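Have a look at this one.
Just so it is clear, A, B, C, D and E label the chains in written order, and each chain counts residues from 1 on its own.
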Amino acid sequence: MIRHRALAMLKAVSTFKGGISGAFLLLLVIGALFAPWLSPYPYDQQDLGIMNQAPSLTHLFGTDEFGRDVLSRMITGARTSLSVSITAIGISVALGLVLGATCGYFGGTFDRIVMTVIDLTWSFPEILIALMLVAIIGPGLEGVVIAIAIAYLAQFTRLTRTQIMSLKSETYVEATISLGAGHAHVLFSHLLPNALAPVLVAAMLATGDAIILEATLGFFGLGAQPPTPSWGAMMSSGTAQLFIAPWVILLPGLAVALTVVFINLFGDAVIAALDVRAKFREA
Amino acid sequence: MIGFTLRRLVLLLPVFFVVSLVVFFIIHLVPGDPIDNLMRAGSTPEQRLQIAAKYGLDRSLVEQYVTWMGRLLTGDLGTSIIQGRPVSALIARNLPYSLELGIAALLFSTLTGIAAGVIAASYQGTRVDDSITGFILLGSTVPSFWLGLLLILVFAVWLGWVPVSGARGWSSLILPTIAAGLGGIALVARVTRIAMIETSRQDFVTLLHAKGLPPFIIQLRHVLRHAMVPVVTILSLRIGWVLGGAVTIEYVFARPGLGSLLIRALNQRDYPLVQGCLLMLAMAVIIGALIGDIVQAAMDPRQREARA
Amino acid sequence: MLLDLEMLRISFGAFAPVDQVTLSVDRGEILGIVGESGSGKSLTATAIMGLLPRIGGQVAAGTIRFDGTNLVGLPERQMRRLRGGRIALITQNPMTSLDSMMRIGPQIDQAARLHLGLGRSAARAKSLELMADLRIPDPASVYDLFPHQLSGGMKQRIVIAMALAGDPELLIADEPTTALDVTVQAQIVQILVDLVRQRGLGLILITHDMGVVAQACDRVAVMYCGRVVELAEVDALFAQPRHPYTQALIRCIPRHDMARGTMSAIPGVVPSAAAQPPGCRFNPRCARVADRCRIEIPELRIGVSGNGVACHVAEAA
Amino acid sequence: MNRRGFLASVSVVTLAAGLGLAGGYSARASEPEAVFALGSAEIGAPHHDPIRATLLSTVATLIYDRLIEQDVDQSYHPHLAESWENSPDGMNWTFKLRQGVRFHDGEPFNAATIAWWIPKFKGSPNEYLVDAVDRVEVVDDYTVRFVMKRAEPNLIYNLASSFMGIPSPKAYDAAGDNFGVTEAVGTGPFMFESFAVGQETVLVANEDYSWGSDLSNNKGAPHVKRLTLREIPDASTAFLELKTGGVGLLLGVPDQFLPQLQAEEMLDFRSLPGFGITYLAFNTRAEPFGDAAVRQATALAVDQGAILKSVFNGIGLEAHQFLISTLVESKIDPKLEIHHDLAKANELLDKAGWQRGDDGIRVKDGKPLKIKLTAQSETAIKRTAEIVQAQLKAIGMVVEIDIFDSTTVVDQLKKGQHQLAVRQYGWNNADILDWFFSTTNIPYPNSSGWQDEKSQELRNVAMQQSKTQDERVANFRKYQENLIGNFLFVPIHEPVQNYAFNKTMLDVPAKLRGTQLVQATAVDIKVIG
Amino acid sequence: MSDLLTVNGLSRRFSDGGLLRKRKTFHAVSNVSFALKKGQILGVVGESGCGKSTLARLVLRLITPSEGQVTFDGVDMASLSRQDMRRLRQRMQLVFQDPYSAIDPRYSIRDALLEPFRVQGAMPRSADETVASLLDMVGLNSALAASYPHQLSGGQKQRIGIARALALNPSLVVLDEPTASLDVSVQAQIVSLLERLRQDLGLTYLFISHDLGLVRYFCDQILVMYLGRIVEVLPSTAAPKHPYTRALLDSTFEPDPKRRRTVTRLAGEIPSGYDLPTGCAFANRCPRVTDLCRRELSTLWSQGGAHQVACHHPLTAAPDAIIDERSVA
């Protein structure tokens, strides 16, 4: 089974779109992982003598309002933004899989109640949910992570549930039951592994959205606590900055846009390779 | 059909109750209280207590809920603590702006999204498809607050075609509509495109071609109709977003709206106002989903039957 | 001849799943195309309808002559005029062949309005008449129903009505009864046969069911792996099948009068499109295979009787 | 460019031209009109009723007149009160009212108005302003006497507050809850036309106006005949509106935008002295700030100059004591002022037993010198926090920043969950010291938890035993000197108020009068062209 | 020979609706009784929707019956605990109609064939050997063990399906239209394989099909179902006596152009399983219908030997033209 998925990945990467976007994302992840070694300067080193300097050879991406190196901050920011969105989506997917699988497999009243609540959270503007939750949970990345996780929970729950429900009627599931298998075996050996592919692809695409949501929450001053940089926090570090030192705001914005575009392209390539397009529609 | 609608409405009652519980208590989970926002230098602790008593904040939460619910059943959402005006009046004042922008953005993203989806699906796998999908994708990757500022810079400052901000007349609605709607285009286009492609693979479409119908008629009159079913689902789920999702846009374009009203109320812990806004949003969302179901049933004769 | 296919070759990129197909059908005649899945019978139908580009294929060689006009290379606009007008299609699965979101009547009307230029009420009258002809009870009320409100057999009649609405001369029925229960299948086959006899239509009946072939067809083309292996009058085919494949095919149909365990099977599997054997494509499974069969592709030679076989061994015999 | 591309671009241009025309503003050429954008702190005022308002915008000062106006130098000037007198024991205030003043609805303004007005505050959030007044006595049609519960030299300050605009009694009682929303009637130079909450208020000139205050050159009707005050929350949007002519004047410009403003040829700005202080607040009940030495070291480690330069673009003043510099009470003994002195700060910590570790972080009794700095998400405050964080590193203090929304910050302070906080207040009276440091105000607003007999005694003298203004000044100076000696706060910055306008559209007097740009200046502003 | 399987008064109803909606009940299987002897093949034939697949699942207790009793090898299945039932499943297996989705696409053939052992917690000592012998048993090359389902043809997949069903040495195999989605040439292979396995392993089959011709060829005894009820039980060589069975037989085309015939059309439509008529369900389409049929349901009554029919007016034993042909051939 692992071979099956690895093959699909290989197929995805071998396409033009998949290759380019895969390479970019790989570089990004490497950059984020090795941020402290790759950054030319410490991300929090202030030098008020060189505030808001335009990009130059010493500071490739310029400096910000405290004279900090924007490139270093962006590299470290990638770390924050990526880990926030990946953790959040990870939590969301894990919860969504459990909830969705339970609802889809057992159905009934439990299903109906959970889905009503889930639908409510789905149609509620995610920015409002996030703001509300961050207010409750408190500042810092944890709040943002949980808020994003909950904002996307509905999507994964629904997707998993639809998957499980359609898989449930597959002949091989009945075949397994007729062999004498219990619920656990059916769920964990057949249903979940088969439902996983589209959920994972959806998770990947959602990671892109989560980066944007993190940025938007940053706009409201929520999320990474200074001096920790995140792309979102950098983009929203006072809109006046747009006129004084546009690179401080534009470059992280560009990074967000590029990352999301590449995540989407890569996701498309994976969808094509796994041929799960049809399953997407059902959700 | 009527039976179906009525049944769904009756089922809303318990949902309404649960929603009211959540809506009432959730704001109390947030630290801080509204009274401090009423106090300024010079006011005394006694005044604090007076204000608390005036709004019933000195009583237990359960008691407060019962009072609130009692009033709610008579249609009274209470009075804003900070603004001192009936919550319903405040919502009524902000709602038109949210509706104006929300509907404009929804129409913009839906129509453009469907058009883009149809074209992309018709040219599936070609460069046309790729460029449409790519362009739309690009538009949806930029956070809307940021997009709003850039749009202002380009179209209002450099080109001077439209006003920078405000909510006066349709010309001031153009940029916010684009900024708020661009993200939705990608979603609608994606769903439309996939649904179109899926539908055109079905036997009945082959048979329509076999009848000699011109392809564009088949696409628009038959395939699109089927593809609209999932699109309607998405749209019905966007009702909440139409009403309260454009907070950042409202902020950047200096527009009033429910989203901003709610955020401000949230920041000031204006309990009745937050509760009122949330309840209204939640009910709108639920009713939106219901309308979506009904529209879907109306569109699809099979569902109409199944649900009758 | 109403329709004449000569050496038709259909290609999808580098693959040619259908090749060297030659067959014909005349007015008032029922030609059966029989074969197992992957034999290319449906693709042949798609090629005649000019719908190959929709699924990414094309006619790579050969001609499709309809009433003297070669359809290969005919501009799409002209092809569209024929489609649904003079040539009509009936598809396999009535459950999915109708637009589920549209009422029955207008779906039947479409072809008449498009090809015969009828107005709304004239088309409706024609549709009702057709429905009555096809023994659909209470046509006027069925006209306003939605597809899901009808049974499978009824739907297939609607599909047939749809095909007839444009007053076609040639009808292509692609497995019209496969998805139906036997009792319903019998009715539908009967209807099709009656149509041909009464209206003088040409009918190409594509099926995998030898029973249906025996019951309905005048002449039969047997296809295997994209080629016609035998073309014959129906009586001759069943009485004296010449191609080993045809022979085997007839032998593996269960009959109640056979003793259990006496049914013979064709050994092996149908080769995939990507792994066709050289020579005769049936050679790995053939009981009478000769050396020549493994190298040389046998051609379909049609004799004066109009019957023919593509087999080195059968010819030699 | 191929033909299709060309066609496309032409159609875009045509479309744009159409939009441009439609989007233009239809100014009524005959009437001079102007658009102001309210400052960010004024946004979201739900109504223009001064009595029950908690948030009131500049609009209120244009619709309503006050008895007394306060100037930049904190001096008091007559307006609807022609003169006033306080009895020697401070228990009676007598006001002579201006004659011939009429409300917008034609009702006369007289002593009866005041007698109706003051009791209206009972139970309102602004009650404290006239708390000390026991009752109002009508002496004659244009003379009133306030009989006091206690001496209150500060009453005059309160009366100059923008919450003390006087509404028309008749209209007020008739409109009920809708007063200030659907209508607002005062005696001011501008009359209420319409109000869309969160969006804009439209005012028209009161042509009958002839009772302008001392502070204005123009005592008659305002030059601007139609004035729209818009609410634009995002500073960049407001700036862009100003730049494109959508707005003529910004009531409040964030400091970060000033360099941009200066760069624009057609823009200009005027400043007024500050109205508040940005400072660090300690929680003396949370270690390590219970120790005065640590507080002092922290205070000395903060470099106000660097913050002024980087956070505030050099605009405003460094703050070295707690009150705004235009208040006389702010002139304390210079030796007591808090100035940057890193060496002394380190020395203090060394002495207090905080030893530097290898990583530069100080440790005492095995505990690292690690503190939480609470701040709110507003840009200037957040940035101040960031720079303070960097500066405190220099004395071996590790600072973690926690950003909350403003209400949560208050909640934290109230519960004493903070250690150090970046705060900002806006108040132009020395009694702010009492508000923040009186033991009666523990836990909030005295969130530093300061409890000290000496301090409280000085506070009581300043607040309750000052009979005259001069006495009051002296008492408050002493009180502040005591507080600052205990290092209860670190003054950082005193912002100035900046008002930007479009030179090609408006003529704004070179010298602004009043504590803020309000009525006094508004009536003098002219529309160009 | 003893009865391996006894079914008594088995019924299954499905309801939907409920809260706030009129409850509708679908009668999938009604009052079905039969017995299956060890080593025999019992055919169940009927058109779509007649309840034959539901019956298969009821017999295996994959669906719980609304009423009635299934006794397997002397044990009433309803009396078994969950655990015992799971163990009993080893002895009764199901082969499915659609081989294409009968194997988890993410399982290799090896994994799929070992799953029965894993599920029953009895992994064989030598997994590879077991897989190889199972593949060999159904006539497949053991090299296929490493492949995935999508790499196999339909016929090969159905062989895997059979091998998996036989892995645990069952006594009873329920075959639910095992060849319906296969080509005729492959159908012949599978049917031959099934026959060989039955002889070699002494299996008992419950064979479900819509193809009367195939059932008559393959089975010893045939149950004809119509709308959830058994209308006729006949030995495969007997002539049908129920008008429905007769109609079914008449509708089957012989692969012989000499035996063309004009179809006697059945009038009317199959009634919905939701609102069954009180009398005989076939009444509205039956050429021999009388008032009695509409009023009263006939029980199965013997026509001599094992032949039973549920009809008030069964066809007489008088030889019929079509049935005769067999003797001619």
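In this text, a residue touches a chain if its C-beta (ideal position, glycine included) is under 8 Å from a C-beta of that chain, and two chains touch if they have at least 3 such contacts.
Note that the coordinates shown come from a computational prediction; the quantities given were computed from them, not determined experimentally.
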Contacts common to chain A and chain D (chain labels): B
B-D or A-B - the one linked by more C-beta pairs in contact: B-D
Centre distance in Å when chain B and chain C are each reduced to the mean of their C-alpha atoms: 52
For chain B paired with chain D, centre-to-centre distance based on mean C-alpha positions, whole Å: 36
Centroid distance [mean C-alpha coordinates] between chain E and chain C, Å: 31
Residue list for chain A, restricted to those that touch at least two other chains: 135, 138, 220, 239, 242
Footprint of chain B on chain D - complex, ascending: 16, 19-20, 22-23, 25, 44, 46-47, 52, 54-55, 123, 125, 127-129, 177, 181, 196-200, 230-234, 236-238, 240-241, 243-244, 246, 405-408, 410-412, 414, 425, 427, 429, 431-432, 435, 440-441, 444-445
Touching residues on chain A, where the partner in the complex is chain D: 44, 46, 48, 51, 65-67, 135, 138-140, 220-222, 225-227, 237-244
In the complex, chain E residues that touch chain A: 60, 62, 85-90, 93-94, 96-98, 101-107, 111, 115-116, 118-120, 148, 161, 164, 168
For the chain B and chain D complex, residues of the former touching the latter: 30-34, 36-45, 47, 50-51, 80, 82-86, 90, 93-94, 97, 149, 152-153, 156-157, 159-167, 169-172, 174, 251-256, 260-261, 264, 267-269
Of all residues in chain B, those that touch chain C in their complex: 202-204, 206-214, 222, 225-226, 299-302, 305
